[in-house]
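One structure is given below, encoded as structure tokens.
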Amino acid sequence: MKIKLINPNTTQSMTDSICRMAVRYADPGTDITAVSPKTGPDSIECYVDEYLAVPGVIQEVIKGDRLEDMDAFIIACFGDPGLSAAREVTDKPVLGICEAAIAAAKFIAPYFSVVSVLDRSRKVTEDVVKAYGAESFCRSIRTTGLSVLDFGRDPEKGLAALAQEGRKAVAEDGAECILLGCAGFVDFVDALKQELGVPVLDGVMPAVKFAEALVKMGAKTSKANTWKVPEPKAFKGFDGIVDL
Amino acid sequence: MKIKLINPNTTQSMTDSICRMAVRYADPGTDITAVSPKTGPDSIECYVDEYLAVPGVIQEVIKGDRLEDMDAFIIACFGDPGLSAAREVTDKPVLGICEAAIAAAKFIAPYFSVVSVLDRSRKVTEDVVKAYGAESFCRSIRTTGLSVLDFGRDPEKGLAALAQEGRKAVAEDGAECILLGCAGFVDFVDALKQELGVPVLDGVMPAVKFAEALVKMGAKTSKANTWKVPEPKAFKGFDGIVDL
Amino acid sequence: MKIKLINPNTTQSMTDSICRMAVRYADPGTDITAVSPKTGPDSIECYVDEYLAVPGVIQEVIKGDRLEDMDAFIIACFGDPGLSAAREVTDKPVLGICEAAIAAAKFIAPYFSVVSVLDRSRKVTEDVVKAYGAESFCRSIRTTGLSVLDFGRDPEKGLAALAQEGRKAVAEDGAECILLGCAGFVDFVDALKQELGVPVLDGVMPAVKFAEALVKMGAKTSKANTWKVPEPKAFKGFDGIVDL
Amino acid sequence: MKIKLINPNTTQSMTDSICRMAVRYADPGTDITAVSPKTGPDSIECYVDEYLAVPGVIQEVIKGDRLEDMDAFIIACFGDPGLSAAREVTDKPVLGICEAAIAAAKFIAPYFSVVSVLDRSRKVTEDVVKAYGAESFCRSIRTTGLSVLDFGRDPEKGLAALAQEGRKAVAEDGAECILLGCAGFVDFVDALKQELGVPVLDGVMPAVKFAEALVKMGAKTSKANTWKVPEPKAFKGFDGIVDL
Amino acid sequence: MKIKLINPNTTQSMTDSICRMAVRYADPGTDITAVSPKTGPDSIECYVDEYLAVPGVIQEVIKGDRLEDMDAFIIACFGDPGLSAAREVTDKPVLGICEAAIAAAKFIAPYFSVVSVLDRSRKVTEDVVKAYGAESFCRSIRTTGLSVLDFGRDPEKGLAALAQEGRKAVAEDGAECILLGCAGFVDFVDALKQELGVPVLDGVMPAVKFAEALVKMGAKTSKANTWKVPEPKAFKGFDGIVDL
Amino acid sequence: MKIKLINPNTTQSMTDSICRMAVRYADPGTDITAVSPKTGPDSIECYVDEYLAVPGVIQEVIKGDRLEDMDAFIIACFGDPGLSAAREVTDKPVLGICEAAIAAAKFIAPYFSVVSVLDRSRKVTEDVVKAYGAESFCRSIRTTGLSVLDFGRDPEKGLAALAQEGRKAVAEDGAECILLGCAGFVDFVDALKQELGVPVLDGVMPAVKFAEALVKMGAKTSKANTWKVPEPKAFKGFDGIVDL
């Protein structure tokens, strides 16, 4: 089975971390390919970043579907940017890591909290939590005030900040499981689990496992209506960026 | 990996069907054990049935956890009876097939409908759909007016009834995926898929695959608060039924 | 008129307290019978407890309906365990004390809070508040960290803890009425009312009065569909526990 | 015990019908006084009617509280006009018939529908159903297209229209209990019960019984904050209409 | 274009402030008329106040529609008292200042908070925020504990209290825009904007601009059903107060 | 005042229609500029279309903000694609036509329905209706099965289809106002208004008027947190497409 992991930003070190996490948890028979799109921002922290990341995500899904014989796709950014569009251009399962993390959390805990990056990203996270019908399971979204790239630059400081917000989420907000609200946090999972004493989930691990599960079920994205292949039409300005 | 599949009713033929479905989709390394509890009703169609099924379910989970070295549990009735109680008596993942079916459906379709048995069971299904935060994804719950055991007695009539309600769900209600609202429907999945032209999911298949996924993730049920092991206390009347 | 009060746990001293409260508020012509089931836990603080209490509750309702000529039933535990099942086995009104307390509170205050026992029980209370459509009336659920039986062992400490949480609910959460989230708190009502200066409601009192009201209205549980008498079917293992 | 029943419109024949219903179900020791305010419309079918009925309702509550020694009040119009204002001017329980009907319905059926008068009144009913947190229990609001006074003029036609909408509510919408959405429908309850085969509730009967229940509980409207006595202030133009 | 601004209370100094705000922002071609009704309370802080204000509001709308050739109406009290009734008696646009403030806030900020007067008024504000579907945009409703007339008596103290609650709303609740929850606060807008560093909106300004916009669009209140002209009927006791 | 109207698709004839509508309703002092981005699809009917339209929308807002001295922006596609991103790159008001149409409808009718293009677009419309908190005001979303470009090719057929769905929305769904769910429908407004007898709103007209209103209020997009200017970062592949 071939799973393509798309880190929607263009920071290769983050793609590498994500890939390691995926490989660590993938089944022996699963072949993981992790890529950054050729186009897009080097981190995703606001709506502009999200929108400029999506064309590259769509392109990687199209390539994976038509040329690379992929069986499933994972969009590895906690805002799940472009997920619905990606589901239009292939009938192979496409998972977002936020969606996967929430699905996993609901199986093992009655309530979760998300710990995340900049405060400005809070609304993006609220939007996706709501979109998945998980408001009543989500006790809080806590932010560290650190940017995606801050975490790369000073991982220790990042870990301390995540631990602090995670502890508050458990003690004050009633969280019984912590979700890490950024794909770049995969390297902190083990340390935080020990620190917090409750389940800690990044989204990459469950996305890989659920993607494998869906492929083995033979599950395909429904082409009944909403996520049908887009009607053929003229696009301007995306030559070399998106090949529909 | 050992997964215990608990059919909460005592009808062995249904346990057998469920087991076949589970085995068909289980990973090569997964050992499936399917049981009916020693206590409970022969089908589950109302709240009394649910409540009298649960002690047996709890008992099978306790046995599986303490004596049988199980890695995960599946409650194979679409009302997910006793799921929260089961999660208290073990820290191994416990999945309900309704919860698993909904999680799978949300990965592959924007909207689903459930087709089910007697009209009186509709509210049980509404309750669980709501409990999982899936109201806005569920376009309708359609019932056939046939009992669980009617389906066993006349499978062809049952299949025709499910196909009719499934077609209406797609054409009139906007469903883009159909969930089969009874564990006993596992044998109809393939026929209905062909008939309806949209994804059709029973709950057993996704429950098996997601249970395997959670075990491989090392995921454990959170013991932070709600689902902690029950406080030791005196129980009357359950000797030989539930061994806490 | 004969009302049967079922304390779903097997602690007789609690049944006695509940009975005194009921008798104190019952109409002169009302005959109160208060029982503990023969089976079940000695206190109810988690889902396992709830589920193992319900068969006994169902049995007491069946007995009351068929043999004891009861006119109404009250399930006297704040989680209202088995309420929907009880409504299937009789057409006489069945009330839960949580449901009754919330109905009473809504008549006399715009917002209420619940003060309760162990923190782990919070979700059970959230579930019932939600099930009755009362989320937007409920300002908070506050817990004391004491178990049901702790309250019996040290009532003064219990009262002090309830008063403290009640005061916070009024001052910080905007509660204008306090609901006592455990049937065992009936003895604290008067003291808390004085202490808090806002209406304080246990559930037993309103359940008795509303049960009387429903009986006098000639109201019967609807047998139109959901709560019809259960279809006859085979049950294993409940001989001597539940006589369907 | 003295209960004052306020028919917010000025049609005496409707006040008489409501009074008969109340007296029929009141306890022997309950003294029912039924009045129409001196001011207001002769029927209530739109927001203007509601708002012009409320001053008279407030005045009757004030009189009842200060001069008539009333123990409880009932506002007998299905829109519960002025309920929150009435609760400010007295600490005796004040019940609206819609609120009471919904509370009663929830005790005996999982779902109800309302059958009512003109289609334009539908939103008023939707507003109150929502305000009481009962959306998920209410399957439909069906209207007959007849005005309040049409029902008075041609009761047979009115009854037939209610029966027809009631049947549709049960058969098509899943109602398991029917609420009559106008105080003027009290005379149709018995006939509709027989016709429809499910519980049929007007609001006057449960309001009387629940008012008695609250008085016997010693329940008072919370004066903690929202429904405190209004601050003294100058009012122009209501001399002889409302005496604050 | 002629816009009639109705201050539902009878305090002329407040009507004057509101008028100045309206004139300051009105288009050159807009003729603003600001009135207090002849009947009603001198401030609006509870439900009784609201209900006794509405007949005067209705009367001013009727006069404006029939005799004064008005093109639109604004109800200038943050509870929007009588808005739906007013929409029945005219087909010219009628706007409430709360509704307008919320509409404006949603165009320029993802979240807002309301800062308001007495704590008892909080529920009125919650009711309207909910009625307009804005719960998920509203981070908090904060109250100063000062009455409407306190603000008139000691504006400096009032401003300081609003600034303090506004700062907390931004820092603690996540508000990104502040709405002033009383028409009497129009004079504080500029000072608060500077103080808080986020957009601050009273409701009068957006109501005037949106009313002008609706008139220029040729928009009329829908007379399709709910807000049709009231059916002619007899009213008692409102001669000289409301001329229907 | 200068308002820039951005038709997110690249079909010039639609931009021209939209422009005519805007000019017809704009104030004399308002200067309307209507553009199609240089990049993007020729119609927007699915998520891929939306996402590939947004970079061009962002670019037009950036240009309008930095180089063209625009005072406000309108995104003229009923899915409001890229609205939140556009609000990050300027502090001038940015309106989506769906958001504006809903705001206008709520001022003049209690309920609306949307009539739209292909059935697959229904979910996009549901998403935005939900995002604006308007679910409870929206009675239905009805689709014609015709594509955006079908309407251009055969306007008469398009008009007939819209009229038919609009009539059903009023008669069957309880709509009291009709919203046209595509910017390309501006030319049908007058004919539909006459045909349906209820208010009919496209989104361009209210967006223009509300944009003017916001500019005259001096309203700016809040830069407090969520919609701050994006952090400077590296973007690949958007040279000549988006100039951040």
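A, B, C, D, E and F label the chains in the order they appear, each numbered from 1.
Keep this in mind: contacts are C-beta pairs under 8 Å (C-beta built on N, C-alpha and C of every residue); 3 or more make two chains touch, one makes a residue touch a chain.
Model, not experiment: these values are computed from the prediction.
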Most distant chain from chain A by Cα centroid: D
Same-site or different-site touching of chain A by its copy chain B, using the half cut: same
Farthest-lying chain, centroid of Cα atoms versus that of chain E: B
For chain B paired with chain E, centre-to-centre distance based on mean C-alpha positions, whole Å: 53
Distance from the mean Cα position of chain F to that of chain A, given in whole angstrom: 30
Contacts with 2+ other chains: residues of chain A: 84, 110-111, 122-123, 136, 174, 225-227
Contacting residues of chain D [partner chain E, same complex]: 10, 37-43, 45-52, 54-56, 58, 82, 84-85, 87-89, 118-120, 122-123, 127, 131, 147, 149, 225-228, 230-231, 233-238, 241-242, 244
Parts of chain F lying in touch with chain E, wherever the complex brings them together: 25, 27, 84, 93, 95, 99, 103-104, 106-111, 132-137, 170, 174-177, 197-199, 201, 205-206, 209-210, 212-214, 216-217, 219-222, 224-227
